[in-house]
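Following this line, the structures themselves.
In the two assemblies presented below, subunit A is common to both, partnered first by subunit B and then by subunit C.
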Partner chain A sequence: MAFALRRLVFYLVAAWFAITLNFAIPRMMPGDPATTIFARFQGRLAPEALDALKASFGLTDAPLLTQYGTYLGHLFTGDLGLSVAYFPSPVSEVIGTGLGWTLLLAGTAVCFSFALGTLLGVLAAWRRGGRLDAILPPILSFLGAFPYFWLAMAALWLFGYTLGWFPVRHAYGSDLEPGWDLTFLVDVVRHGLLPASTIVLVTLGGWMLSMRNTMLGVLGGESILYARARGLAPRTIMWRYAARNALLPSVTSFGMALGFVLGGSLLTEIVFAYPGQGYLLLQAVRTQDYPLMQGIFLAITLAVLAANWIVDVVTMMLDPRIR
Partner chain B sequence: MTTAAAPLLSVRDLVVEYIDAAGDVRILDALSLDVYPGEILGLAGESGCGKSTLAFAILRLLRPPAVIRGGSVHFAGQDLLAMPEDALRALRWRDISIVFQSAMDALNPVLTVGEHFEDTFRAHGRPAEAGRARARELMTLVDLDPVNLRSFPHQLSGGMRQRVGIALALALEPRLVILDEPTTALDVVVQRAILEKLVSLRARLGFAMVFITHDLPLMLELADRIGVLYAGRLAELAPTAALAAHPGHPYTRGLLHAFPSLHGSLSEVRAIEGTPPSLRSPPTGCRFHPRCPAATAACVAENPAVRALAPGHLVACHHAGEAAR
Partner chain C sequence: MRAGAALVASALGRSGPARVGAGLLFFFVLVALVGPLLVADPTEMLARPLLPPGADHWFGTTGQGQDVLAQTVVGTRMSLFVGLATGLLVTALGALVGVTAGYFGGRVDDALSLLVNVFLVLPGLPLAIVLAAWLPPGPLSIVAVLTLTGWAWTARVLRAQTLSLRHKDFVAAAVVSGEGHARIMLREILPNMTSLWVSCAVGTATYAIGASVGLEFLGLGDVSRVTWGTNLYWATNDAALLTGSWWTFVPTGLCLALVGFGLTLLNYGLDELTNPRLGVDRAWRRALKAAGRTPGDSTPYLPPAEGGR
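Let's look at the complex of A and B:
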């Protein structure tokens, strides 16, 4: 438990550092959103408009320390400012919605891919050279080698457009009102299935191969020979002595993958016009929605840190050597 | 012990090969030996002579590319090589257990010592409650505090881990314990303490031991009989006293001279010239002839058969027993 707390302190310090950078970088960069917008109007705006714009963006000439204090205060109350693109919604609310969809789509896909890939890796290594081991790795490597956006578009064209099995955009039909009723949930699943499948398809091979290879290494070790010599059942050896030990490196990668879910599902969300975090980020960049961008960066940073801490705790539970 | 009793373990003409694209490599070549109930049989030889391979071949624990190509292994009348896998799994550890060279590598690093005992008992259908009591008893038996059952392998010292290995090996009261260089990785003081423990435990519990080591002087102290392997073949097998006093094989003589004696001068220590042959292209005839000071034309031409030099004293040398040694 002391280990988990020590790591927590470490990640809190890292989070503080990230928050501070998030504050400092926009202030160190030349220009500001107000000036940019002002410039876009090529002098058609009165100079007083610049002051109005600055005020609306909360740009002041107050001392940096005061600004920093205000920034931290707003952050802790969840006030990330107002979004420009989705004006007048607060950034926290916009991110909240996007976060939910991203977690649902990419989170589920990454977890499923990890679980299935790891399971396949265990089975392939256990029956090395067997049918599963011979057929799946080449196919999955082949699929994983395609550029993701190409594969996603191909899937969209074939299953969405040509065959019409799946809807081609958004998280739910525009004719439905969001709610916890069955029609809506079924529609959400129907919309999420194709994008989620493309994520699973391209990442499955990586999980399977890394698990297979680590597991083969463990299977070749003395502890497996020792377990067999003691007459343990093959099932016990496979799960308790081989798979469990081989899982450790995969859990680390899984944590990283989870952390990058927020930022990394950008391509999926763009191709499938899915209203998640990545799609929001794209919108924010297009519309120069600085508060939203800053908020999303912060959310991604915090998610990566949180995922890392969870991985640390899980690894600690799995491996007594690092306690 | 009398050699008239039926052997507990009987290995006959055992052949083990390493499958290799460039031609299979023979690691054990028609090896035969017996282990009698309650005895300590020492197995000596240089690295790579097949000692450990023999230990794992007996329980069919060899891993590819090593495969058993012929011969037979009988334990208490049962043919281990013909036994179905399930029956063999039940026999492993219940009748024959192994103490590994490195308990650090053998124990599962993410399981506690206690869990290793639990897994062992569960695999052989022993009730968990009785198993826990037995585990504490076994720990005490090897002079370890039962508190260590809650420890993970990395939390114990090398000597403690080897003791855990011994306690585990005795868990199901096997009739034969194979020790594969159990103390090689330990310092001499710890080594001595552990060996004394083993000998006293054997006296109490009556199991037979196959003791594998390259430390021949140690073997002379411990073993009832000693087998010497050379390049996958049996060179000599004799009661310890006979082997020490009248070694029949030049290789055995070489091994006996290769260690400094406590009483003689250091100049008496002689290494055996040369290195063990490659098993990929072994020498013709007697495999020891390129290194043998007494080799003759017959040694180059013909593989010497194992023959009895005296009752119970087997040797595979054309010239054993001749006056000039």
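Let's look at the complex of A and C:
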């Protein structure tokens, strides 16, 4: 339990760091942010929008520390300012519309890729030099070298536009009302399948190779030699002894990979016009909606930190040494 | 340092995948250096927009009538530059933080490790996007942003290795002979983990090339410049998917993947140096084959003492 608490404190520190970074970035940049923004919006924004923008950044003449206090106060009440692209909606509301979709898409893809990749890694390490071990790693490393969004573009062009197997945009058909009924859920799966598959395809190789290499190390260890000497069935040795011990480093890196994959999946969302954070982020970049951009950064960061903590707790339950 | 470099070079020469990777990279470096002299002006409108690949324009034309081949070739230069520059800067910064933390230990290590761990859990791309949006667009901004968001992993890996080298006899000998801290770190510790930091630099370059293309694809680069990222940005802007003009994005993506793949292959060779067991396994198979036996499913037990070489 002490371990879980210690990790919680660490993630709180990380969250505080991200929040402060979010405050500092506009103020550290060359020139002052207000002028940057105003120059870019010359004549394109109503005066009240500009005022809202200014207020949302806390860009007053007050000393930095006071500004920081105001910023933290706003943050704790969930006030991230007003979005420019979706003016006059508050940023928190705009982000709320996309967070669920992003977590659904990236979360499912990451978990599936982790499970499948680890499984393939175990099999490849067990039969080193076998067919699986010879063929898959080079192919998967090659696929892993593509940027997520490029593979998404290629898949969309091939399977969406040319072959017409999958819907080409959005998370569900425009003729459907969101709800918990079967038709809607099936439609969501149909829309999510192609974007999720491209994420899985890009990330699979990493999981497989890291599991394979850790497993090789474990297989050479004395505990395996002993298990062999005791005459245990090979299958038991493979799963209960080798795979179980080799799994730990993969689980530890799972949390870190989350942030990485989430970043990549943002770009995948853009290609598929999937209504998650990535799509909002594109709108924010296109319209130079700085409050929204920074709100998305904060939301994603906090989600990743929370997920990391959960992964840590799971690791703790898997590894008696930490407990 | 020279001995470390020679070791790395010979390991790369011995490994088949690394040779293929080096070949791929050599080809693209050549394209980046010489290619732009051989192709048409990538920004000029030369023909009808969206011509499919043909005799006049081997890779077709873009939505603005520019030659795709010229754009792909010229784009190579900037992407390789961003990858190389970020790889070098990240390795320098990562080595500075990681080796310092591992060498001094104690409070210094605690503080630096906390910083490293925080940067590790912060999602890199969203942070890079926010930073890039505030900076003036251009390749230097992208290198700066990717360095700032990408150094932590290298620092962590090098710190761990420094910790294990710190208490070796040769370091103790250097301390006793009165060498300064900076000299020990630079001349004793760093050369003894050359394969590790070279592999980190190669990994970072791979990441940086992909991430820079991602940022530019979002429109955060200088969109008037020809790079692989802006090629893809313009391809989507000109609705490449809707019009079915696959040739506007396929060449750039394939080149990107080939460069990334080349770098990954290069790292395979380095991995065998860092993790001798991978190479030993192959040597074992070769020995079995020479003895006229077929390796089975069983795992040979390799005592660590022999595993070293």
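The rule is simple: the second predicted complex is superposed on the first by the 269 of 323 C-alpha atoms of A that agree within 3 Å, B and C clash if a C-alpha of one lies under 4 Å from a C-alpha of the other, contacts with A are read in each partner's own complex, and residues count from 1 in each chain.
Everything below uses one rule, namely that a residue touches a chain if its C-beta (ideal position, glycine included) is under 8 Å from a C-beta of that chain, and two chains touch if they have at least 3 such contacts.
For clarity, every value in this text was computed on a predicted model and none was experimentally measured.
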Between subunit B and subunit C, point out the one touching more subunit A residues. C
With the two structures laid over each other on chain A, which partner does A:Ser92 touch: subunit B (first), subunit C (second), both, or neither? neither
Applying the touch criterion given at the start, work out whether A:Leu225 contacts subunit B, subunit C, both or neither, answering first, second, both or neither. both
Output check: A:Leu318 vs subunit B and subunit C. Expected answer is one of first, second, both, neither. What do you get? first
One more residue to check, A:Tyr11. First (subunit B), second (subunit C), both or neither? second
Looking at A:Tyr290, would you say it contacts subunit B, subunit C, both, or neither? Reply first, second, both or neither. second
Between subunit B and subunit C, whom does A:Thr268 touch in the aligned arrangement: first, second, both, or neither? neither
First (subunit B), second (subunit C), both or neither: which does A:Tyr161 touch? second
So the subunit A residues that subunit B and subunit C both touch are 220, 222, 225, 228
How about subunit A: which of its residues touch subunit C in the complex? 10-11, 13-14, 17-18, 21-22, 25-26, 29-30, 33, 36, 126-129, 138, 141-151, 153-154, 156-157, 160-162, 168, 213, 216-217, 219-220, 222, 224-225, 228, 234, 255-256, 258-260, 262-264, 266-267, 270-271, 281-282, 285-286, 288, 290, 293-294, 296-297, 300-301, 304-305, 308
Once bound in the complex, which stretches of subunit B touch subunit A? 56, 59, 61, 63, 89-94, 97-98, 100, 102, 105-112, 119-120, 122-124, 152, 154, 168
Mind pulling up the subunit A residues that touch subunit B in the complex? 220-223, 225-233, 236, 240-241, 244-245, 318-321
Contact residues on subunit C for subunit A in the complex? 17, 114, 117-118, 120-127, 129-131, 133-136, 206, 210, 213-214, 217-220, 232, 235-236, 240-242, 244, 246, 249-250, 252-253, 256-261, 263-265, 271, 275, 277-278, 281, 285, 295, 297-302, 307
